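The structures considered in this document are given below.
Same chain, two partners: chain A is paired with chain B first, then with chain C.
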Partner chain A sequence: MNAPFDPKLLTEPTPEFTLSAHQDDIPSGEVLLNVEHVSLSFGGVKAIQDVSFDIRKGEVRAIIGPNGAGKTSMLNVINGFYHPQEGTITYRGEPRKAMRSTAAARQGISRTFQNIALFNGMSTLDNIMTGRITLQTKNLFWQALWHGPAVKEDIEHRRAVEHIIDFLEIQHIRKTPVGRLPYGLQKRVELGRALAAEPALLLLDEPMAGMNLEEKEDMSRFILDVNSQFGTTIALIEHDMGVVMDISDRVVVLDYGRKIGDGTPDEVSKNQDVIDAYLGVPHD
Partner chain B sequence: MSDADGAPLDTFPKYLLLNAKRFAGRPAMRHKDFGIWQTWTWRRQLEEVRAFSVGLKALGVEQGNRVAIIGANRPRLYWAFAAIQALRAIPVPVYADAVGEELAYVLDNAGVSVAVVQDQEQVDKVLSFAERIPSLEQVIYDEPRGLRDYDHTKLHAFESIQEHGRSLLASDPSIGSLWEKNIQEADGDDVSVMLYTSGTTGQSKGVMIKASAAVNAAADTVKFDGLNEYDEVLAYLPLAWVGDHYLNYAQGYVAGFCMSCPEGPETVSHDLKEIGPSFYFAPPRVFEGLLTSVTIRMEDAGRLKKHLFNHYRSVAAKYGEDILEKRPVPLFGRIAYWLGDLLVYGPLKNSLGFSKIRTAYTAGEAIGPDLFSFFRSLGINLKQLYGQTEAFLYVTAQKDSEVRADTVGPATPNVDIRISEDGEVQFKSPGMFAGYYKQEQKTAETLTEDGYVKTGDAGFFDKDGQLKIIDRAKDVGKLKSGALVAPKYIENTLKFFPNIKEAVTFGDGREFAAAFINIDLQAVGNWAERNNIAYASYQELAGHPQVYEMIADHVDETNKKLASEQMMAGGQIKRFLVLHKELDADDGELTRTQKVRRGFIGDRYGELIEALYDGSQEKYVETEVTFEDGRKGSIKATVKIADAGFYSVPEASTAKEAAE
Partner chain C sequence: MSPAFLNFIETILNGLMAGVMYSLVALGFVLIFKASGIFNFAQGVMALFAALTLVGLQTGQVPFAHLINAIFGTDVHHFGWELPAILAVLGTLAVMVAFAYLFEAIVLKHLVNQEPIILFMATIGLAYFLEGFGDLMWGSDIKAINIGIPSGGSFWWEDVTREWATEGSDYFGMYVDKLDVVAAIVAIILVVALTLFSQFTATGRALRAVADDHQAALSVGISLRSIWVIVWSIAGFVALVAGIMWGAKSGVQFSLSLIALKALPVLILGGFTSIPGAIVGGLIIGVGEKLAELYVGPLVGGALENWFAYVVALVFLLFRPQGLFGEKIIERV
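Then we have the complex of A and B:
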């Protein structure tokens, strides 16, 4: 039964929903964010010392390292929460000046946290809606008036949020206060909130910490789906080596604030410095 | 049944065409998508089905082809049924949670050429077993997520098939009229659907249901329960199960009511509340779960609310069922019930999504009388039915106002039931199957020589002419005296006591029936706490003399109940013991679905069974147990054996004759 049917007549399926609020014209595979010779210290503590690496558009970039290696500090530098004493950060080809994290958010960088930072008393839906705040164009006056354009805009935001809820398969907890949700689901809601901002660069701080195997598999699936379906560039910190090796395209390894490895998961796992760092070989 | 022009209405696509005319603007289907209920009228549903059907035809589906449907309850999969039937091809729904092996077996056995599946998960399953299904040529999916990078030469989106169908219809109007003509010319003798049995006993078999049989059966029950185009159902049961196909699809097309598909399997309870169906089906365990959650939430409520709830619950228990059944009730009882409805039952039903129920059914296993009465006393017309895939569901169903917890009702209209010599229920019905696909041998084994279907269930008709199912026919045994023992029937009667969690009864080939009893730690523990009975372990509680007294009372009650049934009276429990450990699936005593494995328990506790029959008062045993982490240990105990009262058998009644 093959004669009358011509598959060419069929249109390729297209995803109906995109996360494109922060689109840019950087081609896939080019440098989206470049970190050059960045050093960060808190008083006498040198958290990051002369670290350079880049994040390319469309990739899943992992930052790994033992405890205290400076991974979260690095993430905080990228999203503008910390200001490095030395070095430059170039985002979309423009060197970044000292800026606040809200500005980073407006430029399309959003993140999740190692320790879940959701509004516990609010529902899943409302929590994810907060992720849309940077995309709201109507000012407080209109929103307070709750009329015409503000309502229309809100409906658009709600539509986007519903797509995210559908994407993350959390319809059943739409109206549940997040404080009552189990940990794994809270993590997913947090990912949803970060996605709601339609980021160009998504930073995930230990998205799988404290999860069981099944939850980890789900989360890995979602991360890969975000990357492939929406083309979102992802930088993530993760401890679970298996996960990192499976889902990331390139890995940068930090130890005591220094970069000790950079490359594909395969290259990194063969790097002697990295092996030593993870085995706890004493430093000179 | 026939339409206005006198042509017989003997297929579901014919009903689709009719409904698109007679109920054109009425809702046919709803689905919650992106948080909003989307509605399709019958006219739009016809358009969707036609577009897909024409697209399928272009894909090469022809009369007699088998097309698999795999997935959850979603509008497009339901449309696929009608679209396939319209081409006189045969839909073969398959359980979405079937593992790859089972799926491959069914698809290969049915020889499907096309599979319509829900999402990536099902696509992966089907594709990974593609080699085992040589007949399979095309796969169509509903949900595109994750499938973007798949090779699309044999894989198609539902949408694109519909798109193709629409463009064909637009380019040549004769295609549409030809499609309708093909439906009108179809014959009720076509196979309407092939439903695979769940295969708990060996390989699953494809039950072929003919179109006219399916339509006639549905028309009978639609009339029986007075279903019409204003009814609403929520389709949440497995798509491949005869119950879902019958109650929602078949009855929906015949009556023209609206079917709603939930957002997802986890949102069913929310969706139920939002839709408020008027016709509802759930297995007993769903009602059990609801009652438990209501009870727990009331325990946490404030004192006033708790008091109100308990007070009106007792009012409902007293008058509720009488009011439901329109029996005389004193005026103050009516007033009290009315108040209770205002304050408790109404809001409770609303939050469960039961406000608009006119008819609800339960089936599949025995339902506890208290549980059954609770829901009925709230004013929910909950009834029981008995059915089988081979019957296209209904064999018996209870009429409104003749409802009881322990029976499944008389034969549904046009169904003929008889009880065979050895107690097996056999039937002939309008919806009965045309045979198992490619398994003539099995078909012949299931049918009697004069064309009745053997159900494999043992049962009898009680005094009111209602059927009572007692057990699987092969499990029913006989005492030495020749009296019948139906282990499951006795166990279910015992288990209706909340204090008894499990029971295992013996008796086949013995002098009398005897039972192992497992106490319910939660219920009995609670009781112990309230009565200041100290205990350190399950074992100690199980062996406590006062617990034995309590269980003895329950056994006594059970015997009383058994004695009132002429057929069951011989199977009263003479001796019993309370087991020193909980039966556990980890030890192989229960199946993973928590069903007792009688044979295994018989071997494992052989000594205790002997003790039940040799008259000893106690027995010392050592039992090996497996802990959850896989370690093994052993429990030593001296188990006491108790005697129970025996009730005299009533005079032989006319129960058996009433059935014939």
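Then we have the complex of A and C:
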């Protein structure tokens, strides 16, 4: 229920605000998700060819590459929108085959989209509340009857969402339909919706595309804060090399669907293949 | 007040009531169209099927009696019980939910991501199937719904309004059917309940989310399939309400399925995606129809009610194709 907003929610010292619904006992630094020899094609078009890399718990992992390199396809594979023809994906130590995106969301994989995919007619608050749907367990029957425990559950989730709104500094647009918000704020609301699911793995598809410098700095700060405060593992696609070098722990580079580089930002930026393919600097 | 003015008021009142009846049907269309982009041609037949099932359950008819008798040479028709109305309504509701679940599992599941026209064709198939199935299950004779809804003109209202007329004029009072009043109240409760549900519950948010963006809804873990079952169940419930009201008005007969055609102009007026639009559209059509019949009818020889709504819809299509409340159609070139 959208209970009338209670200012106490914000001032009350909260014992702990964590995003831990999907956190588990995998120690930091261990492999959270492992992609092995994955290939994906659409008809004759090979979007991804034999790509392997891993994402370790607690890190910020960047996926970079020129346009059409297969970055978004990779994200779609991880989140279950696409099913690769070859290769295996191991998540939390368990190999998985074709998985629907709904199931991926239930296992703690959340994402944002390159072209913002918010629910435009709904308010910021409702958009972020939808992010918690996998955590809401009281069933339709009780919800429809406006049954006590179902209402109480909704209010608890509302409290968590208020924390996220607070964290992302979007209190002032709580009730605004997101369709009316400027681009930068929409991106932030979308991040909020993904965070609301308390993900173990957060996938961000170009979180800073089309933003001005100030907005980029804000977004970088939020991403780093999410990573450090909540220990959320993040995989992100980004074109702004400066940002990538600043915020990511490790970088994987794709070009024409193949992996051409993998390592720390430093290593990757010195890799000659990457310089050739991505930065377009000719050999001589 | 002069009798002519009172006549005018009476016509508007009756138009509003008739409009509510149209809205009840249009509402079912809007719910499904919003959530899945499917124009459900079978909505009218669903109302018919719900009404048939309700009467069948209540009067203790044996389902498929003709079929059973033909195969086994028996002669069963009735279980010999009369269910209380509330039990019959709940039983019918269970049947409509089961129907929604089966339709999703057998048909819709296999048509995910198909063109709207293919889904539309599937609902045409559903309409004819359901009509035949209802016939087979409950027989094709005209039945009366009797679940205790008051009907007939209200004498109290007639007496009250007779007093309003100017002294000495031979005015006999307004005619308002009690059934129509009940239908209006039920429609109001239905719309308020649906609105509260969609605004203030997690499932309601999921419904709105799916209506807004399928892909984003999937990414937050909303299962499209269960949402579709829920939407079709709700549409089945709305069909049941419409079936009860229309059935009580004109008997449960197979022409009931044609009320879907009356919902079309309502949808074009109100917009296919707007619940308030379905209500306001229904009211406008209802009132417009009755007023036109009263004032224009005599000039063109009557029977205006049969086509007036469609002409209004046609005019709307020319000047405001998205309807009064629909989302504006913006084409990017």
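Here is the rule we go by: the second predicted complex is superposed on the first by the 263 of 284 C-alpha atoms of A that agree within 3 Å, B and C clash if a C-alpha of one lies under 4 Å from a C-alpha of the other, contacts with A are read in each partner's own complex, and residues count from 1 in each chain.
Everything below uses one rule, namely that a residue touches a chain if its C-beta (ideal position, glycine included) is under 8 Å from a C-beta of that chain, and two chains touch if they have at least 3 such contacts.
Just so you know, these numbers come straight off a predicted model, no measurement behind them.
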item	value
Touched partner set for A:197, first chain B, second chain C, both or neither	second
Partner chain(s) touched by A:253 [first = chain B, second = chain C, both, neither]	neither
Partner chain in contact with A:219 - chain B first, chain C second, else both or neither	neither
Which superposed partner A:228 touches (first chain B, second chain C, both, neither)	first
Partner chain in contact with A:150 - chain B first, chain C second, else both or neither	second
Partner chain(s) touched by A:211 [first = chain B, second = chain C, both, neither]	neither
Which superposed partner A:32 touches (first chain B, second chain C, both, neither)	neither
Chain B versus chain C as contact partner of A:163, first or second or both or neither	first
Broader residue contact with chain A after superposition on the shared chain, chain B or chain C	C
Chain B versus chain C as contact partner of A:78, first or second or both or neither	neither
Contacts on chain A seen with chain B and repeated with chain C across the two complexes	1-2
Residues of chain A defined as touching chain B within the complex	1-5, 7, 9-13, 15, 158-159, 162-163, 165-167, 169, 171-172, 174-175, 225, 228-229
Residue ranges of chain B in contact with chain A within the complex	33-36, 58-62, 113, 137, 144-149, 152-153, 156-157, 159-161, 163-164, 167, 263-264, 266-267, 270
Touching residues on chain A, where the partner in the complex is chain C	1-2, 79, 81, 100-102, 104-106, 110-111, 113, 117-122, 126, 129-134, 136, 138, 140, 143-144, 150, 154, 157, 193-194, 197
Chain C - residues contacting chain A, complex	197, 199-206, 208-209, 211-213, 215-224, 230
